[in-house]
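All chains are identified by letter, namely A, B, C, D, E and F, in their written order; residue positions are counted from 1 within each chain.
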Amino acid sequence: MAKVITQIERADAALIDGLAAAGVATVHEAQGRIGLLASRMRPIYAGARIAGSAVTISAPPGDNWMIHVAIEQLHAGDILVLAPTSPCEDGFFGDLLATAAMARGCRGLVIDAGVRDVRDLTQMAFPVWSRAVFAQGTVKATLGSVNVPIVCAGAAIDPGDVIIADDDGVCVVKRVDAAGILQKAQEREAVEEAKRKRLAAGEHSLDIFDLRTRLAELGLRYE
Amino acid sequence: MAKVITQIERADAALIDGLAAAGVATVHEAQGRIGLLASRMRPIYAGARIAGSAVTISAPPGDNWMIHVAIEQLHAGDILVLAPTSPCEDGFFGDLLATAAMARGCRGLVIDAGVRDVRDLTQMAFPVWSRAVFAQGTVKATLGSVNVPIVCAGAAIDPGDVIIADDDGVCVVKRVDAAGILQKAQEREAVEEAKRKRLAAGEHSLDIFDLRTRLAELGLRYE
Amino acid sequence: MAKVITQIERADAALIDGLAAAGVATVHEAQGRIGLLASRMRPIYAGARIAGSAVTISAPPGDNWMIHVAIEQLHAGDILVLAPTSPCEDGFFGDLLATAAMARGCRGLVIDAGVRDVRDLTQMAFPVWSRAVFAQGTVKATLGSVNVPIVCAGAAIDPGDVIIADDDGVCVVKRVDAAGILQKAQEREAVEEAKRKRLAAGEHSLDIFDLRTRLAELGLRYE
Amino acid sequence: MAKVITQIERADAALIDGLAAAGVATVHEAQGRIGLLASRMRPIYAGARIAGSAVTISAPPGDNWMIHVAIEQLHAGDILVLAPTSPCEDGFFGDLLATAAMARGCRGLVIDAGVRDVRDLTQMAFPVWSRAVFAQGTVKATLGSVNVPIVCAGAAIDPGDVIIADDDGVCVVKRVDAAGILQKAQEREAVEEAKRKRLAAGEHSLDIFDLRTRLAELGLRYE
Amino acid sequence: MAKVITQIERADAALIDGLAAAGVATVHEAQGRIGLLASRMRPIYAGARIAGSAVTISAPPGDNWMIHVAIEQLHAGDILVLAPTSPCEDGFFGDLLATAAMARGCRGLVIDAGVRDVRDLTQMAFPVWSRAVFAQGTVKATLGSVNVPIVCAGAAIDPGDVIIADDDGVCVVKRVDAAGILQKAQEREAVEEAKRKRLAAGEHSLDIFDLRTRLAELGLRYE
Amino acid sequence: MAKVITQIERADAALIDGLAAAGVATVHEAQGRIGLLASRMRPIYAGARIAGSAVTISAPPGDNWMIHVAIEQLHAGDILVLAPTSPCEDGFFGDLLATAAMARGCRGLVIDAGVRDVRDLTQMAFPVWSRAVFAQGTVKATLGSVNVPIVCAGAAIDPGDVIIADDDGVCVVKRVDAAGILQKAQEREAVEEAKRKRLAAGEHSLDIFDLRTRLAELGLRYE
């Protein structure tokens, strides 16, 4: 049942870049608080904020063969997204694969497993979000699939979905929803900017969000 | 049973600043090795070292309403301390709430749950110690309490207790004990400084602490 | 049964330094993918890369007495390696012990427990790989052993074995294997450098490693 | 965006019962080793083996309101499947809800959160697979959805999918695949039965599965 | 600072037995959903349901000396409650200590650490709620305290507080609140019994609890 | 480097059976509190107590090929002990392999990974100690080794070492130490039996073990 889907649809590049600028927290809110990957997915270095189209990989534990296959399928602007078929923290990915991926314009890796050579990856500015940093090597013995639907760190991801990743973690936006979500995200940012100024000036959020009445109705007592 | 205590006693500002200067490890030792929060409480960026009076929050999982309520209760120099009523890693707190808290002189947040917008918080120099970084949004639907006794990450904390936090984690000192503990902490620092010089000069701690006799009594063999 | 072995054999200094230069991931590969410590062993700051001879410590939970004993046994270039006899994350080690260890030329600490004073240790450039950062103090009440075989974070380590540690984690090389492993590591680095150039130039790893035939044999379908 | 889908398609009852009889491990194998929920999903008592149609619930952490809504949607033979929108181990479900669910013919509950009243549930013979047993109460304050696609303990589940659960854990079979998978499962059982007899009689699996040649080719040495 | 408080107040025996009969989930609800110990506290065998007065123990990791001290302080009907001063899963308690405790009328042990000899304890019908089963032995080298306030598995417990423990976990009721909580628990049980009958008869909880209006107000859509 | 050692030495059968009768906790104590496997190793059913000679397996994550190889090496009375080369909870072992192992007189399995078909294994009375119950299937693609030294759940185990396993967990005794440890275990049991009677009769362990003097010396205060 192992297969590689070679033709996937991707979202518009401008939408993707807009979602990157909005960042994970804002995009997650804009789409109704769905799409987050589990909090165990942490960046190997601080400060990266990327978005791209998911090239998905389903791989057996301890076997990184399908990453080699997936890299051939990369377009510029893509992000590799790997979910092992059972929990594993082996170091599926290191500086050689990063070199190959960067040569194809890959923007980063999201992997619910381990990564290694993180000093090199940091110097190369190739960002990775992973569940572990672990040098344990992997084999090339068993097939998996590329560009099939996966569940990665608790989120359902289809190939071509938009991945947004920054210091807060990783979020996925369905490809067909990208335009709508971007608009909502930008609206949210505008609203938040206004609130931020009022809060910085010392107004209470209880007033800005008009929360006092409901608090009283529910019975909150001030003593 | 939800309530907000609006008047709490706080320790003297000079004592608080003295405890900040001593740092978590020294204060923890000075008070007989009690008061540490669990090791899962990690700073979102390295290098911060703060102390302040605890404004405590007991909140349901996934509901940050009471943070809005608590911010109104902040005095300059306070630290927000939140314990969810059951384990939760949602992102209760982000840059808007940090803006509001900073506007009232809040020195930081200690939260046994998640935090988001950590890039912004880092740029704002608003330190947070949390169990997770997670963008998951929260609701404002259910009451909790502010300035009640809580257990946060395994430590019992009363409102107005002194919180000390740095790269080693978080420690709480009972408000009424602050003066005594500060004195012991400073005495300890003086003693340690003397030992540090002797150790740097090559003396053995086995001699400085006079440990050899007891080792022999208990039967340690050198082979 | 507590004892201190005062005479241990160490690997040649040049071999040790060569292994440090190769780094954890390469050494792990060079020796057939064995010897890694568990991924929970993380550095307290990024960028350190060291190797040294293991001075091993077996200590009861919450008791750091044997570190004092072990420091006396250090030679320049050694690394302290501590495994508690049951899981523990207390802060066995801080700036005073680091001062003493550095005075004897110790290159770092690997501890399957906690460490504290991490800000000081970072400023001192004394690297530590640990399972936790935790200020919890320890006692000096119960004996353990120094320079006995231990299992640390899942790896069997004998005194005098070579420890390599960097941002990817920690690896152990048997003392008697050091020369052979170093040679293989350097050969591997040479091979990898050649591959890196080809990958950077855009060649596919599927071609460089000649993987396509076996993929087809196993039935991978491209759609 | 909260909604309840009131009409869902279900698999044929005979297929469902057939899958129950096959059990989790066999079904998982029969469908190509997909569909397992994470190993943290454990039964509250040993010995139950059920299958049924998934009535799915997406609920906020600490809020069990949607279970009340979902129970109204139950048909005889269904299984409730709840995924919180962020990790939570509160006790969403106890004996009252079990009484209501059993009154509608519900066969059990799969919940990636907590359950309580487990002594009562055991006496009622209402099986539950959960990540935790925890008495922590929940609120009814925030909407979720019923019969929408969810990811539960790492598996993507659509309403009406067939859930199989036993002492080995929980597995999901896509509704439309149920007939095909059942056939493969039964074929697999027949094959396994034959093998079991040969193995019980003392034959080597290396011979039965003809594994010796490939072992030798790959270089396994017997010493 | 190590001490043993020899005189503690206990709740009335009839209240304690009443709370045992109500069980953990009901008592937890009756007192406003507070007082639960963390879900990691699991019974070593199913079916026990006890309540008793807490004799508290604060002990260093890996040191069970204070249990010996505490047993001397037991009255008939008490429960031992141990919190280590840092996380530890050593086997602090086995059949010898259980024999001693039972000889004094102790009803069970709640320990946020490990226990051993669980087969013997099961045969003796001495119930234990613990975070681990682990045979690791402990020492008698460092003092702790008996009958001081502790935080055990996230709950603040004073000596003489009422501990309730069953298959759902462990709950603490403040001694002075026992009478009031028991009354509320019994009222709750009466109300639940009525609801249970209506639910068993097929009524919807949405009707019994009058939940439909608020669901509609908040915008839940049925499709 | 994959290999199978076909000739291993085993301890005397009577010694092994004697150690089984003593049980894990007693044996662990008798040999100076070493040799325990981590507490995550739990039995799939209660009540089993076995001992046997270790036939060790080092296997890649998700690959159970070497179990087939190891079963051929079993003698009556042996115990299979598997450590994956990186953390993995896949179900390496089920009822078919158990059938094959039992046909060779194997007494049980200790596996720092997952097991499946646990209902069948329970009915077959084939005991397993594992870190997980998980139905996830494994492949037969990559070599490992049989009867080589391994580290399993934190304990160093050589082929032919004596494994003892019961409800308290798993312990290893070095083959050459078996006779001495058995004698100490039996002596310990005799001593404990005497103490048990005195404790059951109401004597204080503080008196039996003569602990009061040292408590006073260290400063324990009774208030």
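The definition used in the following text is that contacts are C-beta pairs under 8 Å (C-beta built on N, C-alpha and C of every residue); 3 or more make two chains touch, one makes a residue touch a chain.
Everything numeric in this text was worked out from a predicted model, so none of it was measured.
Novice: What is the graph distance from chain C to chain D, where chains are linked when they touch?
Specialist: Minimum number of steps from chain C to chain D: 2.
Novice: Any chance you could name the chains that touch chain C and chain F both?
Specialist: In this structure, the chains that contact chain F and also chain C are A, E.
Novice: With a Cα-based fit, what is the angle in degrees between chain B and its identical partner chain C, given to the nearest 5?
Specialist: The best-fit rotation has an angle of 120 degrees.
Novice: Indicate the whole-number Å distance between the mean C-alpha point of chain C and the mean C-alpha point of chain E.
Specialist: That gives a centre separation of 42 Å.
Novice: What's the distance between the Cα centroids of chain A and chain C, rounded to whole Å?
Specialist: Roughly 31 Å, centre to centre.
Novice: Centroid from C-alpha atoms only, then distance chain A to chain E, rounded to Å. What do you get?
Specialist: Averaging C-alpha atoms per chain gives centres 42 Å apart.
Novice: Going through chain D residue by residue, note those that touch at least 2 other chains and give them in order.
Specialist: Those would be 33, 36, 39, 85-87, 89, 134, 136.
Novice: Viewed as a graph of touching chains, is the assembly arranged as a line, ring, star, complete set, or other?
Specialist: other
Novice: Who touches whom among the chains?
Specialist: A-B, A-C, A-D, A-F, B-C, B-D, B-E, C-E, C-F, D-E, D-F, E-F
Novice: Residues of chain B touching chain E in their complex?
Specialist: Those residues of chain B that touch chain E are 1, 32-34, 36, 38-39, 85-87, 149, 151, 154-156.
Novice: Which residues, counting only chain C, touch chain B once they are in their complex?
Specialist: Contact set of chain C toward chain B: 2-6, 45, 65, 68-69, 71-72, 89, 91, 94-97, 99-100, 102-104, 114, 116-119, 122, 132-137, 140, 143.
Novice: Hey, which residues of chain E end up touching chain D in the complex?
Specialist: So the residues of chain E touching chain D come out as 23-25, 28-29, 33, 36, 39, 42, 46-47, 49, 166-169, 171, 192, 195-196, 199-202, 204-206, 209, 211, 215, 218-223.
Novice: Give the list of chain D residues in touch with chain B in this complex.
Specialist: 60-63, 85-90, 134, 136, 139, 141-142
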